[in-house]
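Here subunit A shows up in two complexes: once beside subunit B, once beside subunit C.
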Partner chain A sequence: MSQDAAAAPRVSASPERAGRSRTPLQLAWRRLRRYRLAVVGGVTLVCLYAAMVLAPFLAPYALDYSDRSLFYAPPVGVHLIDARGRLHLRPFVYAYRVVDASLPAYAPDTSRTYDIRFFVHGAPYRLLWLVPSDIHLLGVDSPARLFLLGTDQFGRDLLSRLLYGSAVSLLIGILVVLITFPIGMILGGIAGYYGGIIDNVIMRSVEVLAAFPSFYLLLTLASVLPPTLSSGARLFMISAVFSFVGWGGLARVLRGIVLGIRDVEFVLAARAAGLPDLRVIVRHVLPTTASYVIVAATLTIPGVILGESGLSFLGLGVQEPSTSWGLLLAQAQSIEALTQFPWLLIPGLLIVIAVLAFNFLGDGVRDALDPRQRVA
Partner chain B sequence: MAEPLLSVRSLKTYFYTDEGVVRAVDGMAYDLHKGETLGIVGESGSGKSVHALSIMRLIPSPPGKIVDGEILFEGRNLLKLSDEEMRRIRGNRIAMVFQEPMTSLNPVLTIGEQIAEAVILHQRLDKRAAWERAIEMLERVKIPSARQRVRDYPHQFSGGMRQRVMIAMALSCNPSVLLADEPTTALDVTIQAQILELMRELQREFGTAIIMITHNLGVVAEMCDNVVVMYAGRPVEETDVKRTFHDPRHPYTWGLLHSVPKLYERSERLIPIEGQPPSLVDLPPGCSFAPRCPFAMEVCTQVDPPTVSIEAGHAARCYLYTDKATEKDKQAATAAGLAASARSRGV
Partner chain C sequence: MIRYIARRLILLGPLLLGITFVSWAAIQLAPGSSDYFQSLVLQYPQISPQRIAALRAEFGMDQPPLVQYLHWLWSIVHLNFGYSFAYNVPVAWLIGSRALNTLLLSVTSLVVAWALALPLGIYSAVHQYSALDGALSAAAFVAISVPSFFSALLLLYAAFWTHLLPLQGLTSVDFDFLPWWDKILDVARHLVLPTIALGVFSVGGLMRYMRTNLLDVLRSDYLQTARAKGLPERAVIFRHGVRNAINPLVTLFGFELGGLLSGAAFVENVLGYPGLGRLVLEAVLKRDVFVVMGSLLMGSVLLILGNLTADIMLAYVDPRIRYD
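So, the complex of A and B:
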């Protein structure tokens, strides 16, 4: 280490002031912004979560809205030029005309145009459970319908349901991380720090847990959840199930890391300063594992999103009428649906996008926190 | 002399490994008085650091264990205290400075937080007062613009500066004993001198007794009042600093003195101590230095030598000062001692 170089700033203090007191996290943030894929992933996630929060406002229709006469309707066409070749300044749609209700087959009714309106009054909702409103970003007058991504078998708007369903899919990962990580960190930290019998007890129970085939355990636990549970409670219970299956892996890795950190001199110094054990673990040992934990979190979330999709796909996750991307995708199970109503695959696309975004971000964060790249 | 502040009595710390029992500290003993600086000298692996960790009761256990002895601090035996009582002494009454300044500070906390943490804990100050104390301590150890730098992270400090921070942290609760485990070994010489000077100054100011663990005889000459020379986990010679250099009695001390290069005399050959320190797993019977000792007699390899008091305040663990040694041996020893002492002048 070059001491002179490091000592220099204090002599010529003023120009160095700006570079002063950057926390390690700030430094990592600066590096993170240089990874383009990570930035793309991060921006995508910000958009997804923003859409999730604003779902009732962005969605043209309410969660429970359905038009039974228009089941499996394809996405409505948005036009600027009408059937007579006239240019409209506002984009407009045509109403659906039922050609054959049994197939089903629909055609646009070109006799009249319906302008897409902004900030229309519609079904009332509460934004974030707080702000009451009935303003929707987009809407059209009846009898036209603004089914931008088509409808499902009950004539429910797919776009609206995707927006509402994102809450489950996007929150469950975070919820699971919030439950799993404190448990895994504390238990792994304690096991690694103390060693001996405590270590043995904790690690053997992790191994017992790991010996269960985890997806079957997940299925079993999810299937015993009472069907009468409210959707919020169900989301929480499913998160708890995932956490129960998931904390062991994290605890095991953290134990390994802590085992290595335990003998580093600053931990010894903290103990020599007379700090209680728990404080040494929480304040001195665990923060050192932060780079691993942050990366593990960003890579755990997509796994949980996929897991929830799987559960919902099998009918063990979220229950109708509330929804999630996995549950929406479950409608696209048959070849018939895939070939005739391909828009039902869009939830799958969103799952892929969200998972990829988390992975890109996770990779970027890992590189940004890698101490070997700490040049500056 | 008054009651010693810290008194180590036949301290034995063993490590139970797969290869066998490592007797890292095997009968360490000395007294430390208030405000005194005691040097503990020995080569790597002689048990200096383990003995310091034993005093703090920070020996990793398992595999380590303090199997015997007493550590009397202000009249209480530290080895008999509960963990909680010991925790209140650590960092508060007895503090420690470690060898490696680059790794002994937590990289994710500001240095102010790290100093204040112990102060809040031991002195029961509130956050604000502890923070002020941290700034005051940084000023005491001469960190420029302490008020700003207290918010900095360790990576923004150089090695010498970090060691100052470590000293500030160690002295923040005004301990009566400071264990300094090779505090200057990792620093370059100019910084070493600054840190030693700083420690001396602070010692005068705070009246702290220092146990200076080092393998550097220059540091000993500079800092210490009394010296314990340690070999294979045992004290082999203890006396004041003057006699360590001018009237050394143990052959190992002579060897150490001969191994130090002198500044101006290139022509003179260094006389290294032949061989390696013994494996602490199976120590030879008798004197552990005997295999490397040019004066080894038959008895040396058979029975452990007693601690012989040569004069008041000077003891050596060697047969040369008992009636086991012949006149001829004693004369040769005296000559060797004189030679070593002559070499040491100017160190």
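So, the complex of A and C:
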């Protein structure tokens, strides 16, 4: 798919394009929009991030809401036709009836219908920590429950927790990129620019870090985080751990690029003008690596999302009561839970969707910015 | 060639030293209150402080950290990896069999992934833009986006309802009483699920690389020459195309192995497979520091050997490469 798109710019070298000059960024943007999969990925991500911001509004229940009598309840059925065959204009649900509390087994209580209502008042929350509100998009009257994706072992609504948990899963990739990339760029730039002993020290450190199976190191470092950290601090520390393990690859590639352009005229000119070394590196050398860095950043994020889900899945990442997709998927780890309550697998599906969207977008960005690096 | 290998092995020395240091430092970062002996006190309040101190001294944990490190380093040189706190057996016992199991799983996955990815990638490149090529490319994208713990869970779900394959572990309960051919068969049956769970990820990536490389080669001039001199298309693609497209993939081998070792950690935990990844997880949770350090060291040794193998293989596959 990317092949025909890559060929497209050549075909469309039409007069209207020759008439107006465009910046490289505009050209790249035009190319990016041609890749259907990249657009699909981008739109998916916009939706996911929008849902993350609006989570308290979209979620029918609060993060800590639980109905212990309805643990492992299956997804509630949304109906239009009731038990007596009458058609309703509004979708409705039935309340759960506990058939056997020990299995557990539930059946819909068809004696009464509960309309799904919009913009209902519910648990209070603050949107973006600022706007106080208690309006939720969807809701039903008690005793019915709107568990659209079922509940976990404590009777907590899976859909609501997925929406709240998306914050961790979607933000950690960006956070890690924000920490890793400045470090990797500066160290890679310094190593390539100075060479000699500094280069040797930095590159040998990179080699030592690269010699570990990365997840073993992540696991060990995550396990030494003090359990008393607040959830925000913990998220930050986990990002720091990812950055510590991940800066090497970037530094190595950037060192190679910088080594190649260190003695090009514009760098010599900057040096001759008397600029301090660090300024030459940051303002003149590193900007030439921009297209590589942008592509690498887009393709780093999905890796980090996978890593965080993995850590949380094994219980070393995000801790209760806050949550993430990996932690939610961890509930499906026992064979009993997995086979009897398969809706617990849904968080895994969301991880796949988010990672796939980032991979689509990253692939398109790579083709648009840096066609030389293309892989299929 | 032999000189090259020898030089690589000599350079391993400083690298290994760095690895031991990071392995040690990583676990030292833990706050002092949460080491193994402290957690013993929490679990069994009846243990006297003197007994804890004696235990600490027995494992050499009463020394200053740097002395502990040098001590550990000195014993590693003698291939003594220390004792596990939790099991009170030499770490080498614990790690040895686990590392072999992980290696078995990783290598099986690697072989399966290559056996699948190469033909699929070749087909995709030769039939570029065909419907099947599109489908395969899309499938490859999905494959690289599925975390191995999720694929393991899905396989577990499928295996539970179909009753076709054993769900957990590496051997059946009656393994010790089976004749040797049944033993092999038993292990093979247990390997199916973890291999698929782990291999799916690699197949996607390798296939994409194979397709791109082969497409590049297929556009090259020497392939036109091969066609022009009247070679059948099959020979052009396989003897000249694939042969050249495969070289960059060999360098990926070491990289792949690193990914597989990491991915294996999840699969082992989900499918109850007795490997190194599960040992690391158990050990970090218990703060069994010698086991953690030993496993980290073992994992990186496996990875380094994998990379070395890849380099040597590349020299064989690509005669243009000279190591002098």
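What we mean here is this: the second predicted complex is superposed on the first by the 340 of 376 C-alpha atoms of A that agree within 3 Å, B and C clash if a C-alpha of one lies under 4 Å from a C-alpha of the other, contacts with A are read in each partner's own complex, and residues count from 1 in each chain.
Simple rule for what comes next: a contact is a pair of C-beta atoms (placed from the backbone, for glycine too) under 8 Å apart; a residue touches a chain by one contact, two chains touch by 3 or more.
Just so it is clear, the structure is predicted and the values come from calculations on it, not from any experiment.
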Which superposed partner A:Tyr216 touches (first subunit B, second subunit C, both, neither): second
Which of subunit B and subunit C A:Ala101 touches, first, second, both or neither: neither
Residue contacts with subunit A in the superposition, subunit B compared against subunit C: C
Partner chain(s) touched by A:His284 [first = subunit B, second = subunit C, both, neither]: first
Touching partner for A:Leu268 - first (subunit B), second (subunit C), both, neither: first
Touching partner for A:Pro226 - first (subunit B), second (subunit C), both, neither: second
Common interface positions of subunit A, toward subunit B and toward subunit C: 1, 3-4
Subunit C-facing residues of subunit A, complex: 1, 3-4, 37, 204-205, 207-209, 211-217, 219-221, 223-224, 226-227, 302, 306, 309-310, 313-314, 316, 329, 332-333, 335, 338-339, 342, 345, 348, 351-352, 355-356, 359-360, 363, 374-376
Sites on subunit B touched by subunit A in the complex: 56, 58, 60, 62, 87-92, 95-96, 98-100, 102-110, 117-118, 121-122, 144-145, 148-149, 151-153, 155-161, 166, 169, 188, 191
Of all residues in subunit A, those that touch subunit B in their complex: 1, 3-4, 6-7, 9-10, 13, 20-24, 195-196, 263-266, 268-276, 283-284, 287-288, 290
Partner subunit A, residues of subunit C touching it in the complex: 14-15, 18-19, 21-22, 26-27, 29-31, 34, 128-129, 134, 137, 140-142, 144-147, 149-150, 153-154, 156-157, 160-161, 167-168, 208-209, 211-212, 215, 258, 261-263, 265-266, 269-270, 277, 280-281, 284-285, 292, 295-296, 299-300, 302-304
